[in-house]
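In what comes next, chain A is part of two complexes: it sits with chain B in the first one and with chain C in the second one.
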Partner chain A sequence: MLGLVRVLSGRIALVLSMIIVGLAVFAAIAAPWLPIADPNAMDAMPYTPPGAEHWLGTDNYGRDVLSRIVWGARLALLVALISSAIASFLGIVLGSISGYFGGLIDTVLSRTFDVFLLIPSFFLVLLIVALFGSRIEFTMVAIALTTWPRSARIMRAQVLSLKSRVYVQAAKAAGASHARTLIRHIIPNGLAPIITDATILMGLAVLTEAGLSFLGLGDQNAVSWGRMIFDGQRELRLAPWMSIFPGVSLLLLVAAFNLLGDGLNEALNPQLRRLTTRAAQKPTCELVPTVPEPDAPILRVSNLRMAYDLGSNSIAPVDGVSFTLQRGDSLGVVGESGCGKSSLGAAILQVMAPNARMTDGDIDLAGAPILRDGCRVVHNGRDSLASLRWTKAAIIFQSAMNALNPVMKVGDQLIEAFLLHRTDANRDAAMQRVVAVFDLIGVPRARMGSYPHELSGGMRQRVMIALSLLHEPELLVADEPTTALDVLVQDQILGEIDALKKQMGLSLILISHDMGAVAETCRRVAVMYAGEIIEIAPTETIFGYARHPYTQALLAALPTVSGEKRLPKTLPGEPVNMAEPMTACRFAPRCEKAADICRTTRPPRVDVAPEHEALCHFAGLVRT
Partner chain B sequence: MHVGLLRFVLLRLLQLVPVTIIVIVINFLLLHLAPGDISTTLAGDNADPAYLAMIRESYGLDRPFHEQLWRYLVQIGSGDMGVSFRSREPVFDEIMLRVPATLLLVGTSLVLSVVVGTSIGTWIARRPGSTLDSGISALAVGLFSIPVFWLGLMLVLLFAVRLQILPAMGMTSVDGPREGIGRVMDVATHMVLPVLALMTVSLGQYVRLARSAVAEVMGESYITTVRAIGFSERTIMMHYALRNALLPVVTVLGLQLGLVLTGAVLTETVFSWPGLGRLIYDAILARDTPVIMGSFIIMSATVAIASLVTDLLYAVIDPRVGLK
Partner chain C sequence: MTLLLETRGLEKRYPLRSGMMAALRGERRSLRAVDGINLTLSPGEIVALVGESGSGKTTTGKLLTLQETPTSGEILFEGRDVTTLGHVERKAYLRRVQMIFQNPYEALDPRHRVIQSVMEPLEIHNTGTAAERRANAERMLEAVELRPVARFMDRYPADLSGGQLQRVAIARALVLNPHLVIADEPVSMLDVSVRAGVMNLMLRLSRDLGLASLYITHDLAVARTMSTRMAVMYLGMVVEEGPTEALVARAAHPYTRLLVASVPEHRAGPRRTRIKLAGEASALTSAPQGCRFAPRCPLATDICRTQIPMKLQISADHWSACHHALQVVSGHQVV
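Entry: the complex of A and B
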């Protein structure tokens, strides 16, 4: 019950639709006992407009319109229930047989569903009713016969995903028959989307019956809203209320069924709603542009904080990060999944998820301020980052399969990116530049005409790197550039990035969970934990003289090729819940060396040596 | 790559065959299951005995069941769908005569609803979850819940009866110009209300589809890439997101054609539009079974072909198709 209340809160449409369906059900059941006129009695004055006597007026035979609408709800709901019940039943039976047994049965049955889905159902219903007569039973069966493939397809998909579940396999292993497995273990768990779709089917059935009645193929003995509109059509000038009110009733009931289906669908699949959060950003701030100092560091980040809004609460994936990157330098950012390293990369180029917002901190790119106290800096209404994108800083993403547009040739994607920032250039110049970067990174020129799905993983990642190099940026942020690739290709790509860095004087930020990759490519390493950089130092220092227990644990987890044989050490416990406010050292619960102070006081940032900082109470004391 | 595409096209063409055969077989079975004698069902209640005998002969009604089915398949397959017993004209010719009017109505409203619906859907997808978005999304559900024939009547009531600014029925005025721009304008004026009715009920579908598709595409990482490159939100929306979001719209376009044709029949009935729908309606009133059956076959074939065209269109937009 409480669950129902939670589902309903904030969903006005769902609540309204339940009220409407409820009203219709009440009218349908209670019609004979309601204090309304006999729907077929012709004893009132014909063509009486709506008024005190007849709330919705009377028709051309002097029948009360309100009473006919109430009785019409009966027929509408009957059609809705029976036809969708038959259709769902047929769909469940045939769909689960098709999905469960697979093979030839599945091929034949699912082809049948496809073919039946192509048959325009209304015309088949029309034909059936025209041949067999206008009886409501025929109408309902005909509607069911033309709509069942919908449910069958849904059920088939459900069964396909359910039949490999452990509990189903267990039931079969325990000797349950096919029928028992299906009926007891599979079908009940796959019903939810069928029920959701059944409400949509109900709306469809009501509309179909009304359409048939409107064409004069309705049951003559029943009061139908469609039939009322059919009668009202001829009296449109004289008595418009005869057609207005039954139409409104139809509209409300069908809309209620559709909204109900929608609402149920959303309630059952919460991920459908997750799309719909968007964080409110801080206001932008206008700064008078200054001439950037020529020798300013390429990137300066200080006290950067960002938050993700997740429904009612929020987490801080980046929580007070500061570092500076000099031109030509390289920094590796390492840490476990969820430590905030990718969020940091996205924040530098301000391409965060829609539910992310910057809460505090400054970013300066090539001497130009782009973020101040968490506010985006603008000049004359234009983002100050806009003119620096791709010309000063570029980013490459983890999965190049998804990071390139699947429906555009890769060459065109690069050409467009080139022309965007070089408005003076023409297409030929762009093509030349693309060829140049392709040559540089080892992509055959012929690949310009390929779509991303036609390339191998390594080739796609090279195209992505080529894309990032188009405008010779000074800073390249590489977010797990090799994670999805096999080890050999990983090494090649990393080698190429390293070569480019030297050749072009690139400054590099390499975000990776792979300490080895970082060690090969970067001069410095920053270790992130729970949104903070807990240690930053030159690579050799990190590998030789790490001060933070977390860094030490990460290093201990690395398998070694030489030296003593030992099992890689794993770190106990889970990364902390970043939703909780910080009052202590975040690593303390997992730290072998934690003391009381670690659980009560935030650790200071300790300068261990030049270029070596660690966020630990004992960084200045501990020796390993 | 082109070999893959060609194979895909041929396979899809082949799939048209079973659909057509199944539809014809359904017709045949219904005819046999229906109460009453088949020859009278096909020839009408007061046909003359000679004509009845001819029907029996041509459908082979005295032959075994499977032979009847075969004859029926061959006959329908060759385009012979019998003779309308209202007009005494061949059903196929009757139907073809009405196709242009329906095509004009359905085509216009389909193009309008896709263009307008997709634009609105894309527009509200920029701010998913906003009041505007939820409002329009709920309204869209309302739109496709409207019975199209009732909406047609209400439009007639408002624009033809009350305001008297638009014609309520037919395709042309009785005394209107017969040729040139005058005739075009005359037909266009008559089209406004039926097109509006038909378009409104399918509009909601495209609004919702485009909205969810665009909102989903905007979360893809290649959109993050073009954002990082520095393309404006407007360019991203129009050039990148929309094209990818068109894929589901195209799919549904094909799948929903059956519903649109249904709407067309009902709309034509309301507006006395001289198309297929009107033909079917008149056939129902006169119990002209051959015409109803012929229309069912033609409508099914149209929907099947439309779904083929949709798949081809999909293959053009999405290079990944046909290369699994």
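Entry: the complex of A and C
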């Protein structure tokens, strides 16, 4: 029920169409008991205009139009329901078989769908009705026969995508039969678009039946809107109400079915749902530019906070993060998924998702203020970061290697990217720069003429790194740059990033879930948990003398290839729910060493040693 | 000792669509995903199958669970070839061999409650009454430490974390009391803190239930934790096989050495010196001349490019398919 309310909220068309369909259904079911006249009784005055006695008037035989519309809804809905049920059923069964078994079965069935779709449906219906008579059952079957290939094609496409899902493979690997796999796992998961389409089929069926009746091929004994319109059009001058009211009913019901289909599609299809709303950003603040100090650190972040708006609630993936990065230094940010490390990376360069907003904090990039108290800094209406992004600082994203334009040679993409920021340069200069960055990161020059799909994953990621280095940034933020790659390639690329750091004097922030990758590439390590840096220290300190129980537990949980074989140590529990407000130590529920104070009081930031801070009540105590 | 599982010359090729001209010339190319492998598993033993993506390790897992039909070769389970079984015997085999998949977020039907997913294998194999099946599934959820069971069993997959989902998948795989579990990278998508818990759980259950496992992974450190024996695959072939500790400490194939060296160590210090490794593994579409690792191998000599290396026995249970295996094992600098 709650789910229904959520689906309906903000969808006026869907609600309206449900009301209309609901009214029609009520009228159809309740027709015999409603206080209306007999639809076939000819006891009133013919051609009575709408009035107190006959709200919608009477027809040429003196029958009540309102009553006939109500009874006509009964026929319309019956045809809609039964013909779309037959069509959907046929479509689900044949579409599933076609998609699931493939091969020859699929070829034969698919061609059958195509042939049926080619037949002009109204003429097939005409033919069937002409051959077998105009009983309502034949009309329904005829409509179903011309519409089922639509459902079949949709179902086939659904099954084709669903049959490669892991849970379907898992069912088969467990020994499930084809029938079981289809009925238990594939069909239930593929039904949503069929249901959606069925409502549109219902609209179509209502229209087809009305059309048939209009042509005099409908069931002569039933009250039909189509027949009413036909009878009315001869008397259009004399009694316009005879055709207008059934016409409007028909229009409303068919429109409602179509709107219902669209609305359901939007509600049931996650791809059409707009999950993210644009978060309201804080106003920008105007700051008089000052000359940046020459020896200012490349990056200073203090008390940074950001929030994601998720519908009605929001979470804080970065919740009071402070650190300073000197020029040429490197910082690894490690933590588990959901700890906020990627959000932190995006926040530094202000390239966050649209539903993210900064709530507090300052950022200074190479001595220039770009964020103050969560507000973007502007000079003369120009964003202060715009000129610094890519030229002072660049970011490589996790899935960046898939972000290259597939129809453009990689060399041309880089040249274009170079010229975008360097309007003074010509193409030759751009070419030279691209060759230079390709050399730096180990992409063979010959690869400039390749399209992205011609490159391996490792090469594509190298191209993305080259792209980020085009404008000689001083700071590189790399968010899981090697995660999707094979181990040997990952090792190579980490080595190349390490070399770049030394060659270009690059400052580096490497965001990774992999403690090992960070250990070998960065001088310092920050460990994040639930939006906070819970420990930050030089790398050897983190790996040798970690003070925070979470850091210690993470290290103990890692398997190794060197030294004595030891079993990884289990860390109990699950990462915290960030939606909850913070009143105590966030790690306390999972911490072996937690005391009462940990569950009640926020831990202080303890200076353990120079450059070593830990967010733990017990960090200052003697090492255990 | 009798073997639980043995593959003999197991091969899987996928036909490739070739161009019209090639078709006219009668050329037929195929991708050699698995190119003649011989694996053995004793009852209760855990063997790690290690390799990069494209090495054929996942295809091997699919062949063993009959999700794919081998192009040639045999899979002997307790001495009987299972690739040619009839319907009933095939189902009986699938009851004793279970698979755990890599992606826990997709391995469970999103519309089924946890308890339904765990009961499903029992339903498929018509085991016991409905009440017995439920009790069995609940016992299994308890065994994978999803406690309290009553809180978890009626939830849907979307409500569980990755670690919890993988525990459900393990419960589902073990509920039929199989003799062999094929685990395809079961922890690679899990967070570090959760990963250790799942690995320890699998080790404990294997020991308690006397279960044999083929543990498929690309991560040498995970393979070392989980297995007692290890087979390293490269482009469809096993290139080295032996006791896990021997392979980790004294590998006799340059590829294994490189894999071991590529595992980042969890301690600070100067970066290991590394060699430039040429290129990336690309799928084989024709029979290779010589060693298939030669194009990338830092030790490759002329013989490597012309002659297919034979298995070279390093010790009783350790062999390597490398022309220079003896040099490598005696500590020749590879990395």
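The rule is short, and it goes like this: the second predicted complex is superposed on the first by the 402 of 624 C-alpha atoms of A that agree within 3 Å, B and C clash if a C-alpha of one lies under 4 Å from a C-alpha of the other, contacts with A are read in each partner's own complex, and residues count from 1 in each chain.
Following the convention adopted for this analysis, a residue touches a chain if its C-beta (ideal position, glycine included) is under 8 Å from a C-beta of that chain, and two chains touch if they have at least 3 such contacts.
Values in this document were obtained by computation on a predicted structure and should not be read as measured data.
Looking at the shared chain after the overlay, A:M306 reaches neither chain B nor chain C. Legend: residue contacts after superposition of the two complexes on their common chain; A:N402 is shown touching chain B, with no touch to chain C. In the superposition on chain A, contact of A:H513 is made with chain C only, not with chain B.
By the document's definition of touching, of the two partners only chain B reaches A:L127; chain C does not. When the two complexes are overlaid on their common chain A, residue A:P240 makes contact with chain B while staying clear of chain C. Applying the stated contact rule after C-alpha superposition, one finds that A:I20 touches neither chain B nor chain C.
In the superposed pair of complexes, A:V410 makes contact with neither chain B nor chain C.
By the document's definition of touching, of the two partners only chain C reaches A:A557; chain B does not. On the chain A side of its complex with chain C, the touching residues are 165-167, 169-177, 180, 184-185, 188-189, 336-337, 442, 456-459, 486-492, 494-495, 498, 513-517, 519-521, 538-540, 542-544, 553-562, 565, 567-572, 574-575, 590. Remark: chain C residues 52-53, 65-67, 90-91, 94-95, 98-99, 101-103, 106-111, 120-121, 124-125, 161, 163-164, 169, 172, 176, 191-197, 199-200, 203, 218-222, 224-225, 245, 248, 258-269, 271-272, 274, 276-277, 279-282 touch chain A in the complex.
By the touch rule above, chain A contacts chain B in their complex via residues 13, 111, 114-124, 126-128, 130-133, 203, 207, 210-211, 214-217, 226, 229, 232-233, 236-237, 240, 243-244, 246-247, 250-251, 254-255, 257-259, 262, 275-278, 346, 349, 351, 353-354, 386, 389-390, 394-395, 397-399, 402-407, 417, 420-421, 451, 453-454, 467. Within the complex formed with chain A, the chain B residues making contact are 1, 15, 18-19, 22-23, 26-27, 30-31, 33-35, 41, 127-129, 133, 138, 141-142, 144-147, 149-151, 153-154, 156-157, 161, 212, 215-216, 218-222, 224-231, 240, 243-244, 255, 257-259, 261-262, 265-266, 269-270, 280-281, 284-285, 287, 289, 292-293, 295-296, 299-300, 303-304, 307, 317-320, 323.
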